[in-house]
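Letters are used for the chains, namely A, B and C, taken in the order the chains are written, and counting of residues starts over at 1 for each.
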């Protein structure tokens, strides 16, 4: 019997060899166990889950038709949202560039600056915009300043990290040539580094502006200005038809933002 | 232009760097637009300077109250994180599975036009909304707690993974599809044998990436009540428990760094 | 007049790349430095303008010591040493004129450098030199739009803009086709006599070295083993310089201080 089975096994076609098979089963088993644990352990009242589709469609029903009566106010808040994203992106540049300069291995003045730069980038990137907003609302009170600062503090890490990588990837040879002319460090940077990272810089800033438009739509939910303030207000007062209008406006804004960034990318690069 | 007359040289030539934008109307026009925009934006934004001027003492109070971070309620922290992890895990699983049909719908080369438009619309809508907005709506619909979080992040994953996957499907090697059709295979069999094997390796990598970003996002959607560590953080903040809030923040940062590392490592192994 | 005496360069604790070189070059003479890859040619040249730090020894340009200079004084000394590179080392995204004017960076202020407001005399000089080498019509073209030979001319003009007292050329023709590289060699030769400059050229191509220079210096393993006129440079000298290390396998297998590692170290030192 056993021998027979062995013989048979030799001829059986398999997609994977036994070792791969074992790893695959292992990964699947672990995943399955994690899922079972998550489903059993999570703090969910299951009857609500089965009821969720009803609840969601009922909410959708209450949103229909969208109520355009506060459209003027919504458009103004949208403009505010765009201002927050744009100004924050612009201001970020002034902070992110020096940080990327000290956080890039080939331009940093010394080890201490390198680690300071990396620390700034990591802490900026690890805290989400909305958490930054929470902090700044607590400090400066509700309003656009908290929103601008929140977007800035998150964007510094993003732009700084990508710019730092762009600086690290430059061609060393023009740098050598500029050093050979007797140029000082600042001049070497102005001539050999800046022109090389320019295209990356525009691409990164445009990309971040696009992301910031989306991010700034939620700032208002914690009181940091923009369309989110009206959205939160409408939800709190169960004005679902106004909520629907706001959601449509947000989609429109995001799509317009995407169109503009697409255009800028084609024109500028 | 200063024309320092160097000795003997017949009228020294001048040179200016050619402007970035050659057309002067466009150049100065753009400059004017930018200046006008900045003035307009700063002038119309409602800054509450009175409140802002109180900022520094408040910041001092918050940071003074926040340091040293207080880890004494570690069990609460752990519960919050466990829930965040569960939300991220389930949402990734559901999102990645559901993203497959939506990606098939949104791939122009294998979906009929009306289906394609529907698939694209779903993906565009779920990508346009920040997860926090989706979360606040789900909280309104199904109540506070992790269920809203799972639904939110599932939708978020469908949007992200679905879009990339649809692009992947649009770029597959069409020869394999034709080969399958030539054997007389039906639509589903073609999908299963000719399309999915081509996109599967990418899908596994994407899932790991999505798990990482869902874990990050799960910390955030909690702020509007969708469960997980975000809710714990929001409560601590609301109760001016700044030392506990900073403890949570530090742990969030640590977890995000670890998760980024692990996800990057796994993706490197797979590819 | 350039005088090098007992120049030693060693990286870490390895075998020295340069083992006590002595060399003096009169004004108005073109010296070819030949030797196999890794013989120390490039390191020697870069020691002269201190892109590579010499370990010990003395380098005097018109009587003033270069090896001990620091910071500002070093930069002032570098202004007097023009360098031409194998890979041209132009700034691709800037115009030809900006590349040429960058040779004046050691003279102008930072403000002038950034705003490109160079003194009229510099611009006049730039035009004259560009006309001399035949690239004046490209002044406002981007450097990466030019052909290899034209790019090297830009490199030559950039070096001449420094009003150098010595010209160093590191394999100036190695990236060019045979005809263009002969043109560049003729150019360097005639510039040396026009401007009465000492010119040091690292060169692989022995035929070109013989045809266009007044003196040939042969290096092997960091030691000078030949110094004489092209007429003296016979088969025996050639064998002494390249003997046993001519074949490509050996070239790639050249141990520490081989071309790549020397180059990498040079970059490392210069940063």
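Note that a contact is a pair of C-beta atoms (placed from the backbone, for glycine too) under 8 Å apart; a residue touches a chain by one contact, two chains touch by 3 or more.
None of the values given here were measured: they were computed from a predicted structure.
Visitor: Counting one step per pair of touching chains, how few steps separate chain A from chain C?
Guide: Counted as steps through touching chains, the separation is 1.
Visitor: Would you mind telling me which chain pair, A-B or B-C, is linked by more contacting C-beta pairs?
Guide: Most C-beta pairs in contact, of the two: A-B.
Visitor: Starting from the Cα centroid of chain A, hunt down the chain whose centroid lies farthest away.
Guide: C
Visitor: Centre to centre, by mean C-alpha position, how many angstrom separate chain A and chain C?
Guide: 48
Visitor: Between chain A and chain B, what is the gap in Å from one C-alpha centre to the other?
Guide: 4
Visitor: Could you work out how far the Cα centre of chain B sits from that of chain C, in whole Å?
Guide: 51
Visitor: Please output the residue numbers of chain C that touch at least 2 other chains, ranges allowed.
Guide: In chain C, 98 touch at least two other chains.
Visitor: Quick one: which bits of chain B touch chain A in the complex? Just the residue numbers, please.
Guide: 37-38, 41-42, 44-48, 51-52, 54-55, 58-59, 62, 82-83, 85-87, 89-90, 93, 124-125, 127-130, 132-133, 136-138, 140-143, 145-147, 151, 216, 219-220, 223-224, 227, 233-234, 237, 249, 252-253, 256-257
Visitor: Across the complex, what residues on chain A touch chain B?
Guide: These residues of chain A touch chain B: 34-35, 37-39, 41-45, 48-49, 51-52, 55-56, 58-59, 79-80, 83-84, 86-87, 90, 122-123, 126-128, 130-131, 134-135, 138-141, 143-145, 214-215, 217-218, 221-222, 225, 228, 231-232, 235, 243, 247, 250-251, 254-255.
Visitor: Provide the residue numbers of chain C that touch chain B in the complex, in ascending order.
Guide: Against chain B, chain C makes touches at 95, 97-98, 116, 118-121, 123-124, 126-127, 139-140.
Visitor: Show me the residue ranges of chain C that touch chain A in the complex, using the header's touch definition.
Guide: Within the complex, chain C touches chain A at residues 49, 51, 75-79, 81, 83, 85, 87, 89-94, 98, 102-106, 110, 113-114, 155, 158, 162, 267, 270-271.
Visitor: For the complex, give me every residue of chain B touching chain C.
Guide: These residues of chain B touch chain C: 2-4, 6, 9, 12-18.
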